[in-house]
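See structure below.
Each chain carries a letter (A, B, C and D) given by its place in the written order, and its residues are counted from 1.
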Amino acid sequence: MADKRFTGVIPPVVVADTPDGKLDIASYERSLERMIDAGVDGLFVLGSSGEVVFSTDERRDQIIAESKRIIDGRVPMLVGIIDTQTERVIEQGKRALELGADALVATAPFYALCGPEQVEAHFRAVHEALDAPLFAYDIPVCVHSKLGWKMLARLGAEGVLAGVKDSSGDDVSFRYLIQENAKLGHPMSILTGHEIVVDAAYLMGADGSVPGLANIDPYGYVRMWGYAQAGEWKKAIEEQERLNELSHIFDVTSGVTGYGAGVGAFKTALMLMGIFDSNAMLPPVAAQEGENVEAIRGVLDACGML
Amino acid sequence: MADKRFTGVIPPVVVADTPDGKLDIASYERSLERMIDAGVDGLFVLGSSGEVVFSTDERRDQIIAESKRIIDGRVPMLVGIIDTQTERVIEQGKRALELGADALVATAPFYALCGPEQVEAHFRAVHEALDAPLFAYDIPVCVHSKLGWKMLARLGAEGVLAGVKDSSGDDVSFRYLIQENAKLGHPMSILTGHEIVVDAAYLMGADGSVPGLANIDPYGYVRMWGYAQAGEWKKAIEEQERLNELSHIFDVTSGVTGYGAGVGAFKTALMLMGIFDSNAMLPPVAAQEGENVEAIRGVLDACGML
Amino acid sequence: MADKRFTGVIPPVVVADTPDGKLDIASYERSLERMIDAGVDGLFVLGSSGEVVFSTDERRDQIIAESKRIIDGRVPMLVGIIDTQTERVIEQGKRALELGADALVATAPFYALCGPEQVEAHFRAVHEALDAPLFAYDIPVCVHSKLGWKMLARLGAEGVLAGVKDSSGDDVSFRYLIQENAKLGHPMSILTGHEIVVDAAYLMGADGSVPGLANIDPYGYVRMWGYAQAGEWKKAIEEQERLNELSHIFDVTSGVTGYGAGVGAFKTALMLMGIFDSNAMLPPVAAQEGENVEAIRGVLDACGML
Amino acid sequence: MADKRFTGVIPPVVVADTPDGKLDIASYERSLERMIDAGVDGLFVLGSSGEVVFSTDERRDQIIAESKRIIDGRVPMLVGIIDTQTERVIEQGKRALELGADALVATAPFYALCGPEQVEAHFRAVHEALDAPLFAYDIPVCVHSKLGWKMLARLGAEGVLAGVKDSSGDDVSFRYLIQENAKLGHPMSILTGHEIVVDAAYLMGADGSVPGLANIDPYGYVRMWGYAQAGEWKKAIEEQERLNELSHIFDVTSGVTGYGAGVGAFKTALMLMGIFDSNAMLPPVAAQEGENVEAIRGVLDACGML
């Protein structure tokens, strides 16, 4: 059966920076404390929205070490070991484990083109080299290949994977994976990264969620998980719909795209809510400013978050 | 005017490994010596076909150091500083310069989604942080964004870029870039990475080429550059057509894809030609074997390379 | 408020052919009668799985006329007017209306590249030219552009669109559309085409579904709609999971892809179930045969459909 | 050997419309006469830039009939029979032949997803049904699949295809096709649609070109073909570079994309040059106006075309 430590709401934590590019530890600590207070079930450090690919190895180590200190064993800490190919991923994993990761999260290889055989060999090699629960992170928008549900189920059944974090946007594949995982005795935790349709993912049988928006409103996602567990679908839907209104911080801005629009909106909201001191981004991404900040303020205000 | 050190034939060097994943220095040295003997104008270390994304930082350092030792100043050494985003790329660049790189080659940021503004900011930041000629490596098949020719020309005119290595497969954009670079006083070296149509790239005005296939037949590419310089287009075409027959080592295999098919074919050919001791690949890619090796032998034989 | 005629289960009807490429009217009639008997709320003729792009105009007319005759007003008949650009789509629409369509279903323009302004102008022009409820068919896998939910909501509010058939696979956009449509007073019927996750779509607030798999088991989809209306989510999920097992007729075959794998599996299943006389496909697609037919028989058997 | 009627410069003709959407025969005739006077070797009617997918069948017939009347046998007339799948393409082909087409040009099937087997079966079926030289039109940007060079060569060797019009942007595949066609005894005419790199295509061995820009400057393309035939590559390059300056009519506009930017620029240029009475486009595309028209005028002026 899937490891119970890895179910429920596990936000991918957004990192706070100072305007000169240093880790802003005080701001970061406020945000993590707030999510733990809200009752999240785990924290995912160095995910795609956690600056993992923008951070040098030294900085990655600092983020893991500070997270470990702050979390202090209250909830499990999952750590993203995102790098291009197998040997580099394993190296990231070794350092993460030395620094106290409770579980590791790896994507398919990227940059060099691989077929499905290489992707499967990659997860097997990473699992073999690292003594910790391993999650497959399915995020084709970043790595440009989709993890097949049949392969994921096979790796789960064999004990290679402890779970899957699905940010693929492919709800059909997600559903097949959930049904197959159940048939196999539920070896994996299947988590959705799609913060806008978490209620539907729970309905389908997801074991939890990894919603970036929980950095802004962890309380709502914690409540929704409770409603889903209790089968109170009407309340779950209402909570999701409320959170979706808040999610328009992503689309009220203009002239920003990709990471700058998404994580940029998170940081700006956290700044406006007094949790982060700054909405600074790491190069080459610029912080949101001017009318975009005001537009995000408008959404937060309308949602009663200020 | 474009730096004359970076024109002509600059092969992206394929790396030799032992079956247990170590750098096979003796094989690697044989291959580099052979290319220098053939008269290549430079060597590009840690390019996409040079295992850059498969190598840990430690191994990258080893490859650069050994290359430096072998090349010994006879031709310029360009080094790929391929990593996900700006700070990580700069860190790769610093180490490469300490180890003796003559020029650096960086792609657009990848994994996290960026718009053109971020890509331009990225190259400016990398240039500012690193005191060496910087080449932009346009390789959308790996990084999933195309470098716009107007941006490249602008960065060339301002001295940010010393050149472009084009592996985009977009010959229209390549042509516009060449014409614009000429109008601006030819500040950049424009190199093509498309080994199959190098003659045509020279006709359009390219300053050189970065052909992976020159690992197999450097002599042919060196001759073709000479013919093009002399305006002997008929001979250049014949040379290219001969090399293209040899390039079928890429497509006579079956069941292998992507990096395993491309670089795998290079390594297998070098092994069959007695230059590499092994055609081993780094994880998660498997070496070619059995009928695929025989198919490649057949192509080499038909082309008189054995 | 959304037109009540266009809610619930509206299968996209699969067409029966004779082996020599003629419409097999007897088989087609059996299938339509079976779906109407099962209690479907409407039928969608000449959808993507209804051979629309494989059929000449003459054949399209025949399919509409026969469908009209068979349906005989018992449920509404929606007709796909799929063609490349505005004037051709309008022409398809005029003929469909003359032949008795109750509503029309059009995609974004395709083949020639268009931006969002052209797509919006297209739907406005089609609506203006044709006096019937118009559905936007969002199917990027076929037309290679995604319909933005803000545009769809705007066209709904203005009375241009009566509804949306969503086959985009983008559940986030689908959710935003449902919430926005609700805020605007629910002018449109929002239907999902994703047969595997219909329960989740109903949970989100979808007004109905257009499941191809309802050609095989209309009873299950009709029951699921009832459960969802009654808030009996546990039963809805169980029904969906059962239908999903049946859906493996799509992925037990080998050597067939795209339309041949999808619609080919539908036709083969209908043949094995005795509803169609043949599983013939129109050129250039070949009918499934041999082991693929047996594999589909195995799935049907395991699901108690034989 | 390739049919000599289908070599050299064969422009895809741009169609003239009146502002109320009628064919502007007088303007169209001026443009065709001008191209024939310039010495083009053929004319390609109803290509992607010839409004084929925007035109109803009735209008397509009118365009073919008027073209036939105007051309009057002076050069061969190739006609695009662009439609979604096999039966519809054959129907377009029958009508085109009745109206006097000398050769037919068909793409891969589109809208419904097909694999390479279906694409090959499609060309075989179209060839079998239509008694005329058949060209394969390789245009993945519109049909979203690439025609493999091995398949094209095979179909050429068997007499299914008389030639290929390559608008794929894949110069590597194009080169392989040319070499393979030569080895097979040159059964096909291989034509490039990439107007910006025609000189390079001729160097590689292309049998001709189908440049949209020849609607604006047919004289330049005719001269370039002559230079290439004579091996005067320096002159060919200069001609191409001059034409490329003219091609910036595509990228000096803003707020227009795709077909509206490309064919819109052609029509606007022809209007400014006094050849077309209007730059009207068919729905849903709007004609260029205001500053965009002035920007195009600026390019034409700088190139001495006014």
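One rule holds for everything that comes next: a residue touches a chain if its C-beta (ideal position, glycine included) is under 8 Å from a C-beta of that chain, and two chains touch if they have at least 3 such contacts.
Predicted, not measured: the structure shown is a model, and the values here were computed from it.
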Centroid-based (C-alpha) most distant chain relative to subunit A: D
Interface residue overlap between copies subunit A and subunit B, same or different (over half shared): same
Between subunit C and subunit D, centroid-to-centroid distance (C-alpha), Å: 35
Computed distance of Cα centres, subunit C from subunit B, in Å: 49
Interface hub residues of subunit C, defined as touching at least two other chains: none
Touch-based graph of the chains, sorted into line, ring, star, complete or other: ring
All chain pairs that touch each other: A-B, A-C, B-D, C-D
Subunit C - residues contacting subunit D, complex: 21, 48, 53-57, 59, 82, 84-88, 91, 109-115, 117-119, 121-122, 125, 141-144, 256-260, 282-286
Residue ranges of subunit D in contact with subunit B within the complex: 169-172, 175-176, 179, 194, 196-197, 199-201, 203-205, 231, 233-234, 237, 241, 244-245
